[in-house]
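Take a look at these structures.
The following pair of complexes shares a single chain, chain A, combined with chain B in the former and chain C in the latter.
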Partner chain A sequence: MKKVLAVLFISALAVLLLYVAALLPPMGDADNPTNRQVVPRYLEQGEQEAGTRNIVAAVVFNYRGYDTMGEVAIFSAALAGIFAVVGTGRRRIGRALIDESQVKFSFVSGTAAVLLIPLMIVFSLYIIIYGLDLPGGGFQGGATIGAAAILFTAAFGFPRAQERIPHHARIILESAAIGGFFLVGTAGVIGGASFLTYILPSLPSEVQATVRTVMLFVLQFGIGIKVGVICTSILFALLREEETEDVEHAC
Partner chain B sequence: MWNMLADNMNYAVAMVLFCIGFYTVIMRSNLIKKIIGLMVMQVAVFFFLVSVGYLAEGTAPIVIPGELPSPMVNPLPQAMILTGIVIAVSTTALFLSLVLKFYSHYGTVDMDKVKEDQR
Partner chain C sequence: MLQPLNIVLLALLIITALVACLHRNLLVAVVMLSAFSLTMGVMWVMLRAPDLALAEVVAVGVVSTVFFVVTVFRTERREE
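Our next item is the complex of A and B:
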């Protein structure tokens, strides 16, 4: 009964949504409202106004800088929420259930991880550094760093991963990345311009472009480190829950 | 009607994907499967928004010096989805941590079993 009702409801919703999809302007048409309002300006003047050849980076770090700031705050808030749910109890080097399983880590997965992880880290640094001029950027590079950390944990176990990526280093990196973002963002405000414009009016105009590129680079790198480190921290927090569970069962 | 739907095939697929995710969320009693349904819904929304920014024969929105400006796809949805994906990852991690807590309290991730036990 419940299932029939649910299927009917979902079908009605699907018909409604498909009807709306058919009424929308045809996809890929240059005259669509989405391609007309503010977007031509981004595409034509983004390079001069934001100082990046990658217009997506220009939108993320300049035109819609407040969104990025909110995103940084939400990501940190999610990590704080996870700690609030699973607890931060000070722990020894933890043992997760994954380390006590009967299936041992195989030679093949370890070798593959050893070969892959340096490549992943080099690749993520590449897409962070070239993010202003080529496809890529801080978010993508940070996600790749996080994936490398997850691969390391999966291949060599939780205790070794915790040794290699210690807790205090992660706290320092997270704080430095977020603090750097806000510092760079407000630098323009102190100089009398608006938030995240990277323009310091007191400097001579020939230095402006260099200063802006350096600031954008710092921002890009900070976001990359932040995303990677918080991904790792989330993984460790979730694994640690298994460990505390284990201790409770033993007692 | 069908012609217009064929023009907007990407939108139609995104809508169907959204409905599949919604069905999973309301019908499955397993919390992990509910989260998978939510992620399918998120992906549907991202797919829809990126499709909105598509431009026929447009190139990636990267200015190459010394080349004639060609029509470029809309960079705005791409930038928004870039942040959206990160938010989706963090909310999913938060959901998973709540499910871990649920499991440690009830010993199961199935909501129907919890209801039966409470009877």
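Our next item is the complex of A and C:
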């Protein structure tokens, strides 16, 4: 009886979903509303309306600012969940299996890491700073910073990486990043503009464009720092061994 | 549209995706997933989406691959 009910329910749901899917406009049709109205508007007026030459950045920060805000909140929630499950490791410098490996880290790999890490950080800053004009942006730059942190950990061992990128610094950076995002987003609300439009109505109109660019820079850097810190924190949380755990079987 | 390079890339995508799904050794599967995302990054550049290519290569190809590798080493190397 239960199975029959379940099958009936799933069939009804499938019929409903297929019916709704059939009502959608055909995929890739040039006459769709997205292709007739949304895309031309973004391409023609994006630079003027959003203040960025990179249309992707215009969509991410202005037209779809709420999605970006939700992503930022999801990153924070994910980090909080990981800390809740595996612990923060705040009190001591943890150990990790990679430091007990039988295979020594070779001289060539170490030198390559030393040469690569500064380049990666410079590249990530470059794509964050030019994210408003060129391809790239906060997320990509932040992920590159995270990759640099991963390379540092692999090259110089887990304890040293924890010393260089301590827990309290990561917490402060992460909180500053998400706080900055919401502050910048709400700044315009006080003057009467909408949320996440990056306009301060009380200022004269000549400086509005500059103010908006500065605000978008703050957002880019905030997202970059946030993603980099979260990548590093997740790596540290995954690597850290509990003192009481028997490490023999884990290899 | 179907240039030779496109065909090669699409074939690589299918092969790496299938190997990543079917291989018993999870480390091989993770490396294949990384190869998939690097190939996909090239595809994004050819489709004129460099933003997406950067995100794909860095976030999926490097960072989550490292997370998967760490997780595989802390759990079981082979699928049951």
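Throughout what follows, the second predicted complex is superposed on the first by the 203 of 251 C-alpha atoms of A that agree within 3 Å, B and C clash if a C-alpha of one lies under 4 Å from a C-alpha of the other, contacts with A are read in each partner's own complex, and residues count from 1 in each chain.
Keep this in mind: a contact is a pair of C-beta atoms (placed from the backbone, for glycine too) under 8 Å apart; a residue touches a chain by one contact, two chains touch by 3 or more.
Note that the structure is a prediction, hence the values are computed from the model and not measured.
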Given the touch rule stated above, what does A:Ile127 touch, chain B (first), chain C (second), both, or neither? second
Scan A:Phe139 for contacts with chain B and chain C and give back first, second, both or neither. both
Given the touch rule stated above, what does A:Asp29 touch, chain B (first), chain C (second), both, or neither? first
Quick check on the superposed pair: does A:Ile74 touch chain B, chain C, both, or neither? Answer first, second, both or neither. first
Using the touch criterion from the header, give the chain among chain B and chain C with more contacted residues in chain A. B
So in the superposed three-chain picture, is A:Val56 touching just chain B, just chain C, both, or none of them (first/second/both/neither)? both
Report for A:Val229: first if it touches chain B alone, second if chain C alone, otherwise both or neither. neither
Mind working out whether A:Ala147 is in touch with chain B, chain C, both or neither, as first, second, both or neither? second
Would you mind listing the overlap between the chain B footprint and the chain C footprint on chain A? 54, 56, 135, 137, 139-140, 143, 231, 234, 238
What residues on chain A touch chain B, complex-wise? 3, 6-7, 10, 13-14, 17-18, 20-24, 26-30, 32, 34-35, 38-39, 42-44, 46-47, 53-56, 58-60, 64, 67-68, 71, 74-75, 78-79, 81-82, 85-86, 133-135, 137, 139-140, 143, 227, 230-231, 234, 237-238, 241-242, 245
Complex contact set, residues of chain B against chain A: 1, 4-5, 7-12, 14-16, 18-19, 22-23, 26-27, 51-56, 58, 60-65, 69, 71-72, 74-80, 82-83, 85-87, 89-91, 93-94, 96-98, 100-101, 104
Using the touch definition up top, name the residues of chain A that touch chain C in the complex. 54, 56, 97, 127, 135-137, 139-140, 143-144, 146-147, 150, 231, 234-235, 238-239, 250-251
Chain C to chain A touching residues, read off their complex: 50-51, 53-55, 58-59, 62-63, 66-67, 70-71, 73-74
